[in-house]
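Okay, so subunit A shows up in both of these, paired with subunit B first and subunit C after.
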Partner chain A sequence: MSTTAIQPVPFGRRLKRFMADRPLIPLIILLVILVLVLQILRPGIVNERWLANTVKFAIPLAILAGCQTMTMLTGGIDLSVGTVATMSAFIMATQVVHHDPAVAILIALVPAVLIGLVNGIGVGVFRVHPLIMTLGTSLIGTGCLQVYQRTVIASGAKIPPFLAWLGTGLTYGVPNALLLFIPVAVLIVFTLRRTGFGRLIYAVGDNEGAARLSGVRYWQVITALYVISSVLAGITGLLYIGLIKAPSLSLAEPLVLPSVAAAVIGGTSIFGGRGGYTGTIVGALILTVLTTLLTILQMPEGARRMLFGLIVLFVTAAYLRIIEDR
Partner chain B sequence: MTRLVRRQGWVAGLLVLFVVLFVITKLIQPGYGSGDFGSLVRAVLPYAFAVAAQTIVVIAGGIDLSVGAMMALTSVTAASMMDGASEEYAVFVVPFVLAMGLVLGAVNGMLIVVTRVPDIVVTLATLFVLQGAALLVLGAPGGAVAEWLRATIVGTVAIPGLPEISAWIPKALVLLVVFLCIIWIPLKRSKLGLSIYAIGSSELAAFRSGVPVARTRIIAYALSGLFAAMGGLALTMSTGIGAPIPGPYLLASVAAVVLGGVALGGGKGGLLGPIVAVFVLRLVRTDLTLLAIDPNVTAIIEGAIMVAVVMFGAFITMRSRQS
Partner chain C sequence: MTTNPLLDATGVVKTYGAVVALRNASLSVLPGEVHALMGANGAGKSTLVKILTGAIRADAGHILIRGEAREVRSPADARRAGLLPVYQEPSLIPDLDVASNLRLTGTPVEPFRAWVRELGIPDLDIRDIARDIPLAVLRVLDLARALAVEPDVLLLDEMTAALPANLAEKVLEVVRRQGDSGRSVIFISHRFVEISALCDRATVLRDGETVGVVDIEPGVEERIVEMMLGARIEKTQVAARQASQAASPRDSRARLGVANLRVGTKLNDVSFDLANGEVAGVVALEGQGQDELFAALAGSIRPSGGTIEVDGKPVKFAHPADAIRAGIAYVPGDRTEALTMQRSVRENIALPFSAALRNWGPINMAQERSRVVSAIERLQIDTRAQREVQRLSGGNQQKVTIARWIAAEAQTILCFDPTRGIDVRTKQEIYKLLRELADQGKSVLFYTSELEEVQRVCDRVIVIFGGRVVDVFPVELADEPALMRAAYGLPRGAKEDVGILADIHSSPVAKP
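Let's turn to the complex of A and B:
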């Protein structure tokens, strides 16, 4: 009885507030726990090679989760990233047969820009819900890719050596993909924290009406955002094909759901206005380690999907409670 | 009163559009007859149930992203249960699968009510969960279906003495109309149906007038699950197998709901409009196929039409909100 009188703030409440203020610390603790569990289940698995491999597979996921983070900050979501990444990878792999790699990459990024533009206009101007809009464009994109595949079926595909180097190579045990990822990550974090555009993204997501009244051009911000998201997804596709080395029409599709989960775990609110990219990176690492764990436990693909869905639901519900408590 | 007139006007317009499209089809392919109409209805059947599932939730002011996944799960469950089982066993499978849809839909609703997470996030999460469950039930397309179930949607209803007319009434159409009516008409006329419209129109006003908002919402999602289960069964019945990866039912259902005159904000519209709309959308696809357009290109055009319809619907909603 008396203990409640002495403690003005209960422990649970304090813990919640702590987690709301510093979401990165519990996330890193969770990551360490997962790695420890992995080490206990398969002693000796955690070594330098495993670490490099984990980072290598976490990077494409982390970039796609970056697309989700930025769109989720405005209260949206981008479900077309999987299709965009697949398209750019497939188009690059087939165009490189005829063209210079640099030209092929430029050609491959054109559909990414187009899809981003359509998404942005649909969400920003016509005010379609982002989920439905990006789902629709990804459906159209997949259709276009199938038509395109017919036209290049004879020419075959190959992967430029430098993309394979970037995707799979190691330099002194460090994955080369970090050469691409670190600048991208720094750019996203810098944009979100230090630039006017980043402020606008948070402002639109936090309170759209207020942002509009203070003179923010909503549709311009949204259109620019979805184009950026799409281009990032296109770049991820190029990196991912260097890692997987087998162009297919569903290359990056399995990454869509984990990318949403990674952003949600990383503390970005799906309602907009709250969150950041650093948490998302840790979230992507957690999911990659979790996938390894589930593979070791021989959990089938279906169970993995169910688990990811439940994670999204429970984390969102938990965040809602934390916000309401304040 | 004016709302009623406008709504019926919209449905009438859709019917005219359907007839115009039908005439165009006849012009493209003069041989287009009752048999082709039968196969159109069979193709529409799963879509129509998906649209019904989406309509009821949208009227209640929500959205259900898990419609396609629910159909996939119920379809693979039915197909794998009937695989290798006797014909009579299917008599138990059908009610079981329908009950499963009802319960899973209710779970959707309860999660929304209890966690207070927005419906779009909850149903996105359940979309993943149901998809995963479907993959666990059946890793690859397979299973089987009882012969008598298949027979219920193949062929036409025989009306003695009127062979001309009965040729144009496929069994699948009768099945669709009967199942939609036995749920929708009593619902629309009951207090519950009124409550569903009320919470979609204004949740706060409904709450203050004594509508049990939480219970009504759960029931709306449960009925949506039931319709989705019917869609899953229809899918299994028409293909003879169950497929764990759903088709583009989600986007198609949202597009048909918008085209059918149901406002995405909730509280407006009926079931007839979306059902006619889904017939229109499928007939467009038939026409494209008859024009000998590459099926992949058809998929692109279809996707573009659906996106355009949804954009148009969102635009109308935005305009009406501003005025």
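Let's turn to the complex of A and C:
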């Protein structure tokens, strides 16, 4: 690697090795830098309330980015998470008018499971490329939702107070959403690191042929994975509607591409086999802080988006340079 | 024959980094001659062919065509010089029809059609898409396409492999006539029968060097085999192990029974038994069906006929998982096929533990560690760079692929050329390990491309040629010359009285 070495090379090598072995550290450094910049640009903005707000908005993104992390580890991607989240949110909000909230939530998660199953079978059995497969089911899902909307247009929608509490509420200044997020995050990290299923996700993404020779049945892993991804997306939708409080047909769509970006910034390779969820969580925080930063800069929307895209590209490229130890 | 050679290559050298592919190769082809190019696996045949046809450039050496020095820089140069190859892989573009393929190479259609008819395919429609044409016919079309431009030197690489008998016969006839009409053919083949029927002379390569040019006459096959072996013929029986007691009736029932196994056109009829406590060697030249045999036993591909029995019960493998459940593990020759390179040594070794649906839950880390560590210790894997398998040396990577199945306690291990491209010490360790496994009552099927390994490791050796088992040796007889002869389909123990025209397919298969 060509390093413009200001420091003596051995130290550079050692630093690189250190970073490569602990990929989380450069990410956290970047996050801290962003927060500092924010504080300098708008002194006093970084306070308890800002912190709680940032976490609140980062959580739905982080869970969806978890879906991307897991599917990307197998060399796939799940672009249907936005639609699934929107569907479950919308269906729950309209069904809760007639049913008990628990029942409404169960009904809302049915399409999530179905879409996950179709994705999984399409990718795992029929070998459709995940990008196309999930894009396709996402369009189909959106279409179905539009049809469904006509049937419930008269009955209206409401948000159960419990979800609003979970989405927006604070307890001693700590967002209640963490009650959902912490178990989910622990479960994802544990699954990836300490379960057979997690091992297979990495193995399949790293070398599908080798996994096959070890007796792994690809379609089983992939089907289970996309169902899990979809269910997580559905749960995110329920949380997100509690945060946004306005059901619409494109509720979670804007989160889809950022969720991919968060996973990539977090160090998960889109080619599979490499990465993890802890990096993704920091990636989601970085994106959320970056959004706030760009918002307070008071530039036109177009310029803001351009800057956002450029920063995402730059951070990803730089980060891969740092952690890739060649 | 006092005429000047049509093609004369001398002192050809080609190195890839530190690896010498050709050190001093020469080849001289006279007009009107069918010239065989022979050599064992890795002798440099294909490198020389690629240089002659302009696919790669030589580092040194002279190539004269009709007495003139020519630089053959590209396949197009070679073509202009009148040198045309027909490779083993079909070269028509699959998505185009035959006519478009011809237009692409500027091949005249009428001569092409004439040759196709000549070669025994009367009803070809040149509007057929190449993809829909069977492999054997595609190879014939490749040949017809080359013949249609009337090359001075035609280069045929294993032309008759994968051809049914009637087509092969036509091909040989046409090749013979090429020679008669004053053109030359370079004929690469492993089949002595064809070479004796067709060729005038043969050039023999060994370790990247031309070691001899011989006239084809009855009885010459022994000399050719000797040349291919070189000095190695002297040191026979270096460390010939005696067929171990273990192979004898500790367990009378076969662990693995293979009967009349067929896979497509590559594996025609293979039967053998593998006992517990035995290392059975498989010896074959490249592409004689051994890849398909191992893949079928491993559950990677489905056989098209025949039966496989495990412990006396017939089995059908639809997925490697089925074979693994039956205790059969496959270690492929290419390490990159078996390893997840970005993962740790531990995860690679433990991978089969998690494969089955019921093992998807939380991993018992302590138990996994102890199983992995004991496998690592047993194979003495250097674990200094264990975080990513890709940082390990080739030898250590190879050990990881085997350690996986030791940890998984597979009863039968199919090792496909496990010592290819690794250092000598690791090779020794692998030999020792395979012996130990056998002594513990496990069974090993061991394909190797290095013949001298057979006597170090195996109890018995199965020789495959042209998709059939042509011989089964006890280890005491399996010195390199004997194996080499058998691998070329020559009958055993009949040095003097069997002429080169002996029909390999009718040679008796010895019972072990």
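The rule is simple: the second predicted complex is superposed on the first by the 280 of 326 C-alpha atoms of A that agree within 3 Å, B and C clash if a C-alpha of one lies under 4 Å from a C-alpha of the other, contacts with A are read in each partner's own complex, and residues count from 1 in each chain.
Just so we're on the same page, a contact is a pair of C-beta atoms (placed from the backbone, for glycine too) under 8 Å apart; a residue touches a chain by one contact, two chains touch by 3 or more.
None of the values given here were measured: they were computed from a predicted structure.
Q: Would you sort A:298 into first (subunit B), second (subunit C), both or neither based on which partner it touches?
A: Neither subunit B nor subunit C is touched by A:298.
Q: Examine A:210 and indicate which partner it touches, taking first as subunit B and second as subunit C; both and neither are also allowed.
A: Touch status of A:210: second partner only.
Q: Looking at the overlay, what does A:202 touch: subunit B (first), subunit C (second), both, or neither?
A: The second partner, subunit C, only.
Q: Tell me which partner A:257 touches in the superposition: subunit B (first), subunit C (second), both or neither.
A: The answer is first: A:257 touches subunit B but not subunit C.
Q: Have a look at where A:151 lands relative to subunit B and subunit C in the superposition and call it first, second, both or neither.
A: In the superposition, A:151 touches no partner, neither subunit B nor subunit C.
Q: Residues of subunit A touched: more by subunit B or subunit C?
A: B
Q: For subunit A, what residues appear in both contact lists, the one with subunit B and the one with subunit C?
A: On subunit A, no residue contacts both subunit B in one structure and subunit C in the other.
Q: Can you name the residues of subunit B that touch subunit A in the complex?
A: Spelled out, the residues of subunit B in touch with subunit A are 63, 65, 111, 115-118, 120-122, 124-129, 131-137, 139, 244, 248, 250-251, 254, 264, 294, 296-297, 299-300, 303-304, 306-307, 310-312, 314-315, 317-318.
Q: Which of the residues in subunit A come into contact with subunit B in the complex?
A: 122, 126-129, 131-133, 135-137, 139-140, 142-144, 146-147, 150, 257, 260, 270-271, 300-310, 312-313, 316-317, 320
Q: Which bits of subunit A are touching subunit C when the two form their complex?
A: Where subunit A meets subunit C, its residues are 21, 190, 194-197, 199-200, 202-203, 206-207, 209-217, 220, 224, 273-274.
Q: Quick check: in the complex, which residue numbers of subunit C touch subunit A?
A: 298, 300, 319-321, 324-325, 330, 332, 336-343, 347, 350-357, 359-363, 365, 387, 404
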